[in-house]
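Look at the two complexes coming up: subunit A is in both, with subunit B in one and subunit C in the other.
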Partner chain A sequence: MATLQTRATARIMMSPAVILLFVWMIVPLVMTLYFSFLRYNLLMPGTEEYIGFLNYQYFLTDPAFFTALANTLILVGGTLLITVIGGILLALVLDQPFFGQGIVRLLVIAPFFVMPTVSALVWKNMLMHPVNGLFAWIARLFGFQPIDWFAQMPLFSIILIVAWQWLPFATLILLTALQSLDGEQKEAAEMDGAGAISRFIYLVLPHLSRAITVVILIQTIFLLSVFAEILVTTNGGPGIQTTNITYLIYMQALLQFDVGGASAGGIVAVVLANIVAFFLIRLIGKNLER
Partner chain B sequence: MARATTTRSKVIFTVIGWTIGFLIFFPILWTFLTSFKSEGAAVATPPQFLFFDWTLENYREVQSRSDYFKHFTNSVVISVGSTLIGLALAIPAAWAMAFSPTKRTKDILMWMLSTKMMPAVGVLVPLYLIFRDWGLLDTRFGLVAVLTMINLPIIVWMLYTYFKEIPGEILEAARMDGASLMKEIVYVLTPMAVPGIASTMLLNIILAWNEAFWTLNLTAANAAPLTAFIASYSSPEGLFWAKLSAASTMAIAPILIMGWFSQKQLVRGLTFGAVK
Partner chain C sequence: MGSITLEKVSKSFGTTSVIPHIDLEINDGEFVVFVGPSGCGKSTLLRMIAGLEDLSGGRIIIDGKDMSSEAPAKRGLSMVFQSYALYPHMTVYGNIAFPLKMDGQEKSVIDKKVKDAAHILNLTNYLERRPGQLSGGQRQRVAIGRAIVRQPKAFLFDEPLSNLDAALRGNMRLEISDLHHQLKTTMIYVTHDQVEAMTMADKIVVLNAGRIEQVGSPMELYRSPKNVFVAGFIGSPRMNLIEGAEAAKHNATTLGVRPEHIRISATEGAWTGKVGVTEHLGSDTFIHTQIDGIGQVTVRTDGDFDTKHGQPIFLTPDPARLHRFGADGQVI
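For the complex of A and B:
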């Protein structure tokens, strides 16, 4: 039983982390909220004034916002599609016994440890370059016209890069979940004459469902804020074809110095992320009770 | 018969597995190989895979031209510094939550998790202004502070899940023997917690090393870690593939090796214990 004294000690031990985190969260957030109601541009100092919801109105009715929102959703959705399906297939392969399994596993998870700026630049230059890139060479080898990736399909190119970075994460988590599947259950299903496909649909997939949900939610949180990959490859372009919400707000804040507008955008981004976070927190919270 | 099929399937999966592994790893391998080429060989068509004049020139050039090790040192200071401070804050907190849980412990944990979900861009403006006004822009100190706070929830969570697995009876026994709280922590808990703390540290250094939002937005020439340094190669005049490859190889090699060692903890850490 925890005595009163240990309880007090526990509180003291917790407080530095809790207080710092609280300050870290609440102070900037309140500032963002406050700025979002001001006309505030760093290029026009001294003209700050309260303008109500005007920043929100501008931000939310700007056509660029809808493009950026659509880009964000396509980027998140496309990456999720590739990584979840690819991750399930990869996990199924890696779960089979074969020679050098451990080494292949290391090869597969490697991209996750590559910093975003490196992977984006390596893909953009050395693989996807329309003249000297490796993909162009492969295309010509088979007699095809090389694709100019970042001119013809800029958003898809970024999805490919981001998917390459996150595929290891999905694979690793799904593989971990797969390995916790009871072998006896599989055997029983086999004895009952269930084929590989029905075993996958009725036994493996339901078992994986929780892990898949976790993968989707956590990746969504991170993918909503993809930034470095866009910055070093396309700068949001051509036009605003690869501008996502994060990048749009960054441009408004640090390139146009529109503090008010960027803050309104920031609050919108927080609200969007919270919708996802709501479900993730419930899922993980449920897990805590066990 | 059953045996024959197993061997056959093993061979088939060996081929499939290695092919996939090779393809996924290829961009990294390609970067590694290109870092030993001359700039001419790096852009050659058809590409030269292994038979080129291997040279260490790029590694020398990257250092002499751009002071590579300054940025490398920045990365080390920022990632290790933020991790150590984070651990100092998180170890007592996670200990208290794991061993003296109250009704509110779960709420505090969930709240910590929720701060991690706030998109960075939501607080970009105020943080940038605070940094500007306090002279923290482009300082290592500023980045250490930001990255500490960013990863603190993950550190607390990971430690919490590890500490939870330490049987409480042992602590009770120590208490019965009259051990004080401090003694309990130093002599009983710490030795059992070291593996968990070590893997938390490893994962967190990896995350901090690769963080590429705040490092790009809050640094310029002085405090720029490798993420920001490599980003400078995105400018058109910086398109020297062999040098980019050499800089990249040095930037990812230490973390890749650490990552391979911590692959088991990765799942636990990144899913906040939801998948183990």
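For the complex of A and C:
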């Protein structure tokens, strides 16, 4: 019943919400763009002036930038690897009927509800602590030297913490996808002589491909901006070993008070995220079309 | 070879017994149809033969070997499912080749067998398509193709035509019957549609509540049903089952007479009544009549017979073709 009149009315009725959302998005973006072309340091108030692309030049030639870029990609890639593989395995287990299934499913989802700062603190002080931590206690129980996680393998520790947080999400999405697999297809494959492993490779994995794509896309968006876990545990260190782009921008803005440089970094991060998204969609986006 | 013997087969889910006790002999090359109302256990029985459902008791013997607890793939049977159960992400070729690939056969052999099967089933032009791009009938044929490449001892069909429209169902019925004549392999076919059973089967097994009511060729079941259930189930339109005084006259509790074995006349006959609804099918006319002292009786007559609603009518049943059933529902 979309006459011209109702359509016009609909547009007018919708416009406040749309305009609000648009302003909400465009004002911070334009301000960041604007700041990125200024010399704007909070320690030197009153000296703001237009300096062209100098902020970008400084940010992009900073040796810390490439380390941070590499750290960001390793963090995203490592977490994706653990959560997707772990998620598939967990989903396969949870799909089996067993006693206490409901409770176990609830528990598996629980880490998702713990806020990042809290979970990072729990990992830092209760699990990975070289003296008081559970892992250290287990190591000593077997007579090994305890690992000082954040000193010896800082980035891997961060990946573990983040992966633990995102594993429930992956498991949940993959489990629902697994449950939608047609039972008769599995039986047909069974009659066709496919063993459990063949059924997994030829039937379950292709069926899950779309869900895996969704998990990778959504997680990538959030993992590019991991921040709380780093701030709470390592503060980007030792050195800059766990500094990702987000954390580097934070250091520019709130530790060096360089608003202009941080804004340039923010814009670089936006561009990088778009590049990653572009390749991601090209690579696996075709899975979504089927 | 493909003879299948069921010995004292039973199945229960928890405390509910679905199939109390079944003995059945299926000979090599036979087309056997399990027919019965929904929930009678016919699909369960088929799945037990396939190995997808465990037996609660009894034995299943295939080609003289006890296969009761063998894995489905080892039994040498193949199955066509109601939902077709094609693998949606594989092409038609991939679907048909899958069982051969799982069997570890060589590429060239697989290719030849798939092409042969596609040729038999008129699928040659569709080999590169995916199941989602095919019509219902084509999907059905792919499912059959996947079943025949394995050259099984027997085919199991689980209501394969129930998702197709009426015209296509008629076609596929012919194609499956044709295929049976070509391959001469044992086929077990489950359906709730007595027309499919009558038209395709060498041997019909009528099931009701997990029990076998009668086994026989289609015409045997039609001519001499053993009990009231089979009499009412086989034949379309349904046999008229008359109880009360009229049945007692013939020394029976229930008197059965098929609509096509009643002579209808506007002037004289054994039973009098009124015409109810008339269904004209062109070649035939089904007249539902209300007979005094008996109740509703359906009559089948030729297409040119003209009646009006409420018009008085006279019926005469063919005395040679009356079926008399006792109080226990069995034929006398």
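Just so it is clear, the second predicted complex is superposed on the first by the 267 of 290 C-alpha atoms of A that agree within 3 Å, B and C clash if a C-alpha of one lies under 4 Å from a C-alpha of the other, contacts with A are read in each partner's own complex, and residues count from 1 in each chain.
Everything below uses one rule, namely that a contact is a pair of C-beta atoms (placed from the backbone, for glycine too) under 8 Å apart; a residue touches a chain by one contact, two chains touch by 3 or more.
Everything numeric in this text was worked out from a predicted model, so none of it was measured.
Chemist: Under the stated touch criterion, which partner chain does A:Glu187 make contact with: subunit B (first), subunit C (second), both, or neither?
Modeler: second
Chemist: Just subunit B (first), just subunit C (second), both, or neither: which does A:Gln256 touch?
Modeler: neither
Chemist: First (subunit B), second (subunit C), both or neither: which does A:Gln179 touch?
Modeler: Touch partners of A:Gln179: none, neither subunit B nor subunit C.
Chemist: Counting residues of subunit A touched by each partner, does subunit B or subunit C come out ahead?
Modeler: More residues of subunit A are touched by B.
Chemist: In the overlaid three-chain picture, which partner chain does A:Gln101 touch, first (subunit B) or second (subunit C), both, or neither?
Modeler: In the superposed model, A:Gln101 contacts subunit B only, not subunit C.
Chemist: Based on the superposed arrangement, let me know which partner A:Leu20 touches: subunit B (first), subunit C (second), both, or neither?
Modeler: first
Chemist: Please work out whether A:Thr47 is in contact with subunit B alone, subunit C alone, both, or neither, and reply first, second, both or neither.
Modeler: It touches nothing on subunit B or subunit C.
Chemist: When the two structures are overlaid on chain A, which partner does A:Gln57 contact: first (subunit B), second (subunit C), both, or neither?
Modeler: The answer is neither, since A:Gln57 touches no partner chain.
Chemist: Applying the touch criterion given at the start, work out whether A:Leu231 contacts subunit B, subunit C, both or neither, answering first, second, both or neither.
Modeler: It touches subunit B, and subunit C stays clear.
Chemist: Per the contact definition, I'd like the list of subunit B residues that touch subunit A in the complex.
Modeler: Counting only subunit B, the residues touching subunit A are 9-11, 13-14, 16-18, 20-22, 24-25, 27-28, 30-31, 34, 42-47, 89-90, 92-93, 95-97, 99-100, 102, 106, 108-110, 112-130, 149, 152-153, 156, 181, 206, 209-210, 212-213, 216-217, 226-228, 230-231, 233-234, 239, 241, 244-245, 248, 251-252, 255-256, 258-260, 263, 266-267, 270-276.
Chemist: Spell out the residues on subunit A that touch subunit B in their complex, using ranges where they run on.
Modeler: The touching residues are 2, 6-7, 9-11, 13-14, 16-18, 20-21, 24-25, 27-29, 31-32, 35, 90, 93-94, 96-101, 103-119, 121-127, 131-132, 134, 137, 164, 167-169, 172-173, 176-177, 210-211, 214, 218, 221, 224-225, 227-228, 231-233, 245-246, 249-250, 253-254, 259, 262-263, 265-267, 269-270, 272-274, 276-277, 280-281, 283-285, 287-288.
Chemist: Where on subunit C does subunit A make contact in their complex?
Modeler: On the subunit C side, the touching residues are 50-52, 71-73, 77-79, 81-83, 85-90, 98-99, 102-103, 146, 150.
Chemist: Help me check something: in the complex, which residues belonging to subunit A touch subunit C?
Modeler: The touching residues are 182, 184-185, 187-195, 198, 202-203, 206-207, 209, 290.
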